[in-house]
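When the chains are written out, they are named A, B and C in that same order, and each has its own residue count from 1.
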Amino acid sequence: MNRTAQSDWEVVIGIETHVQLNTASKIFSGAPTTFGAEPNRQACAVDLALPGVLPVLNRGAVERAIRFGLGIGGEVAARSIFARKNYFYPDLPKGYQISQFEAPVVIGGSVRFRVGEGEAAYEKTVRLTRAHLEEDAGKSLHEDFQGMSGIDLNRAGTPLLEIVSEPDMRSAAEAVAYARTLHALVRWIDICDGNLQEGSFRCDANVSVRRRGDEQLGTRREIKNLNSFRFLQEAIEAEIRWQIETLEDGGQVQQATVLFDETVGEVRVMRTKEDAHDYRYFPDPDLLPLEIDDDWVARVRAEMPELPAAMAQRFTDEYGLSGADASVLTASREQAAYFQDCVQAAGSALAKPCANWVMGELAARLNRTETAIADAPVRPVQLAGLVQRIQDGTISNNTGKKVFEALWNGEGADADAIIAAKGLKQVSDAGAIEKMIDDVLAANQKSVDEFRAGKEKAFNALVGQVMKASRGQANPAQVNELLRRKLGA
Amino acid sequence: MIDASVAELRQALDARKVSATELAHLFLNRIDAHDAAIHAFITVDREGALAAAAAADERLARGERAPLLGIPFAHKDIFCTEGVRTTCGSKMLENFISPYDAHVVTLLKEAGAVSLGKLNLDEFAMGSSTETSYFGATHNPWRAGYVPGGSSGGSAAAVAARLVPLATGTDTGGSVRQPAAFCGITGIKPTYGTVSRYGMIAYASSCDQGGAFGASAQDCAALLEAMSGFDERDSTSLNRPAPQLRAALDAAPQDAARPLAGLRLGVPVEFFRDGLHPDVVRALGDARRQYEALGAQCVEISLEHAARLAIPAYYVLASAEASSNLSRYDGVRYGHRAADYDDLDSMYCNSRSEGFGAEVRRRILIGAYVLSHGYYDAYYLQAQRLRRLIAQDFRAAFERCDLIFAPVSPTPAWKIGEKADDPVAMYLADIHTLAVNLAGLPGLSHPCGFSEEGLPIGAQLIGPHFSEVRLLEVAHRFQQNTDWHCRRPVLSAA
Amino acid sequence: MSLSHADLRRLGRLAKLALDEHQLAALNTQLDNILHLVDEMQAVDTRDVAPMSHPLELTARLRADAPSEPDRRDAFQQVAPQAESGLYLVPKVIE
């Protein structure tokens, strides 16, 4: 398909995200939630739906929902209701999932983020419809057990916050940027560990296409259970291609639930059963309405960290950083905290070089060594000391990289110690530099002649020789100035 | 000893005139002698009973004194008992040995009461006659071939036949009060939330409530007090102090001749209008005059919605909740799994169809229907609105009276099999008890006479929320001045 | 309201109950009678009446977020129809 064909179509995407809340116990039982236990060792009587057991709601799960509501500027519902969603599945022990249907705990709110890079980057706001609390299901293991499936209910009853967006996204890139922002936010406000591999953050994407200018939305298909940003991107792109091709070939899109097969990069329709969608929701008689009073919301609000958007705004206002830089620095709470600590030690006048070091050398090194910023061997105060020495001319930017390397390897307590120990201090003594210039000029008469004959290149060669003689420690600006004076230029 | 009240048993045990072990043997022997004919028990736990009795004797020997310490009783087989099978009257749970105890079971174990086993009931408590039990019908001790009522028919029959002095039960739409009436004993269902539902197998969660059976209000008070109390594992459990029932009954009335002076008894006109069996009319009339003789003042009240709409509202709501509550029986983690199936779906369908009896299947289907797409508003939601109208009826009535006096059932017990193929006829028999559950109110049934055929007839007292003390006290005053609760059926020798 | 056989089969599928085709007519009559009984309530005007889910209309009591349940897998799986390697076994699940 060519680009022009695709641009005739408008893509409409809404995303439902299942966020596992990082509580210690399950949403309706006292079983632990730690990941990776042996099968069914963390499934208690309530999780197994033994006859006679009853659910009791976990305060910690509700509190996390409130944090989320405040984090996205939504309304925390004063009263919400738990309902039963009835369907049979072996990983659903009760034959119903306890969820919130008509009255969710969070209503509205929005997420704002940057899409793309450089000149083409733009701000995007996605409105949220709602977020509701529910319980996760167990897992069906399809390895062969005498031709049967094995059911592990350890995950059953793990608290989930299902976050539903409006169909506000118009491309796979926007969808991924939305998901990344949401992912960063739930970690930022500490309601989810964000572990994608373990399924702590899973997206379903509702995708439809329509001809540009059409009022009515196209028929959507829902891609289920995407647990990486790459798969989210690939799945949506594959789905868009498929829908456009189908429609351009005169076909129709049937509403369906599809799965993304990452090995072949294609979506396939899930086996659907007739009547499967008559969930017969009704209020769970075992659970009373959840009431959240203003006091509780106020207490949670008082404990909320500064949110990434507010922090990014502050970085541009107080430190004069660009919107792009501020957005990168606030991608995670740990990185933002690192940067903040660094600026605090270096002084806010040095915010920009601090930002450059955090986003540049430090980020590259963390990435290469797969180290979390919280575990970086170079601490914010150490990086601040390094930035200060570059700024005051003690070392050059290039020497700075050597100092950084030494700090990373633990060769000294701070930049000053390393500069001293390795003799990296920039030579700014005019007498010493003049002596070196004299030696270089005497040994390079040819270059001197060429320069005098008007070849500017020859000047650079001489500067290089002087820097070489100083083993890189001469102050380059000073070398330049003194050399020009000597040559009478 | 067999006919002794709980208070008398208590005195005998405390005075060491009889040991808990002797009492357990006494009642176990009686079960051996008579239960083949009555079939009140699904499981007799001889071993567990004797171990519990021995433990009670040790506690008594140490000088410990507690209301139910060493007193024999039995549980309706709807309460989960660790190590003892819990069937709920269903093939689905025929071999289910619960890995945990219901809250009520724990409380009674701690109280030192001695459980003799598990009592028959309608399958999953769905029924009014104990005929839907997979384990066969229970017979009314007053007359073989007649139902004991239901769903707690095994409990009522066991107490009436003195196979146990006390029994637990549950009441979702009358399942304690109606069998108590049919068997000539006393039964109380407290305010919703008084007895923890944890470990009590769910039928219709918003109506299910544990209750107590005994010969008299006094005996019921002893058991209900021990069963009640806050349980953090039940979200609907009331976090308020358990009522002190026995103490209230032991206090002497101010006016011994007219102990109920000042009591306003509401008589709902709609409940006495038509459809009542003449013997029920007569017995209730006698009881009313007795109450008036004791000083109560009867006032006419109206429960229009409760009388007219309780049946439809109840059968919609209870079936809806039941259809969902019973989805967990899928043959995966416990319970019956069909021997033959082709795939997952047929494993589900065959296991459930084989495991559930006809009445349970009917209610599951009706429940699925009233919740299904397109019918929810007309049925489920409408029934919830009617529920409010019914609750409002009672609230208005309790502005004019303290307690309500009503029939328990339009008729005395019927013949086994008489209504078995006519679910609607069976449902109509619950007309006087359902509304109480929809409103979450406490209700009590006490014996007040007999039919021409010699079958017991009961009277119902209904109170506002948390009025258990008053209900039991009023029934107790009635029983201090009458002897209906002292009548015993003559059991044929085994 | 009365049900068709098709309605009945749909309900059977929803509730996972295999319905005996020979007794479908009898079952249909029984369920129709029950629905006829409850249809009495349709005549009542409840426009201004709020639905009531719970008899006491209280609000949720919350539990502290602390694990309290020990591992009892072995006891729980003793009552399982079929279990192996700690897993409950079911006929193959096909998505």
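Criterion: a contact is a pair of C-beta atoms (placed from the backbone, for glycine too) under 8 Å apart; a residue touches a chain by one contact, two chains touch by 3 or more.
As the structure is a prediction and not an experimental result, all values here were calculated from the model.
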> If you count the C-beta pairs in contact for each pair of chains, which pair comes out on top?
Replying inline: B-C
>> Based on mean C-alpha positions, which chain is nearest the centroid of every protein C-alpha shown?
In response: C
> So what's the Cα centroid distance for chain A and chain B, whole Å?
Replying inline: 58
> Could you state the distance in Å from the CA-based centre of chain A to that of chain C?
Replying inline: 42
>> As a quick test, compute the distance in whole Å between the mean CA positions of chain B and chain C.
In response: 23
>> For chain A, give me the residues that contact two or more of the other chains.
In response: 45, 48, 50, 56-57, 86, 88, 90, 151, 278, 280, 285, 287-288
> Which positions in chain B touch two or more other chains at once?
Replying inline: 96, 99, 206, 232, 235-236, 323, 327, 330, 332-334, 344-345, 348, 368, 372
> Considering chain C alone, which of its residues make contact with at least two other chains?
Replying inline: 14, 16, 53-54, 58, 60-61, 63, 72, 76, 82, 88, 90-94
> For chain A, which residues are in contact with chain B within the complex?
Replying inline: 45, 48-57, 84, 86, 88, 90, 93-96, 151, 273, 278, 280-282, 285-288
> Along chain B, where are the residues that touch chain A in the complex?
Replying inline: 79-80, 86, 88, 93, 96, 98-100, 102, 197-202, 204-206, 232-236, 320-321, 323-324, 326-328, 330, 332-334, 344-345, 348, 368, 371-373, 376, 380
> For the complex, which residues does chain C have touching chain B?
Replying inline: 3, 7-8, 11-12, 14-20, 27, 30-31, 33-42, 44, 46, 49-56, 58, 60-61, 63, 72, 75-76, 78-82, 88, 90-94
> Touching chain A in the complex: which residues of chain C?
Replying inline: 10, 13-14, 16, 53-54, 58-69, 71-73, 76-77, 82, 84-95
>> Can you tell me which positions in chain A touch chain C when the two form their complex?
In response: 23-25, 29-33, 38-46, 48, 50, 56-62, 79, 86, 88-90, 140-142, 145-153, 259, 270-271, 274-275, 278, 280, 283, 285, 287-291
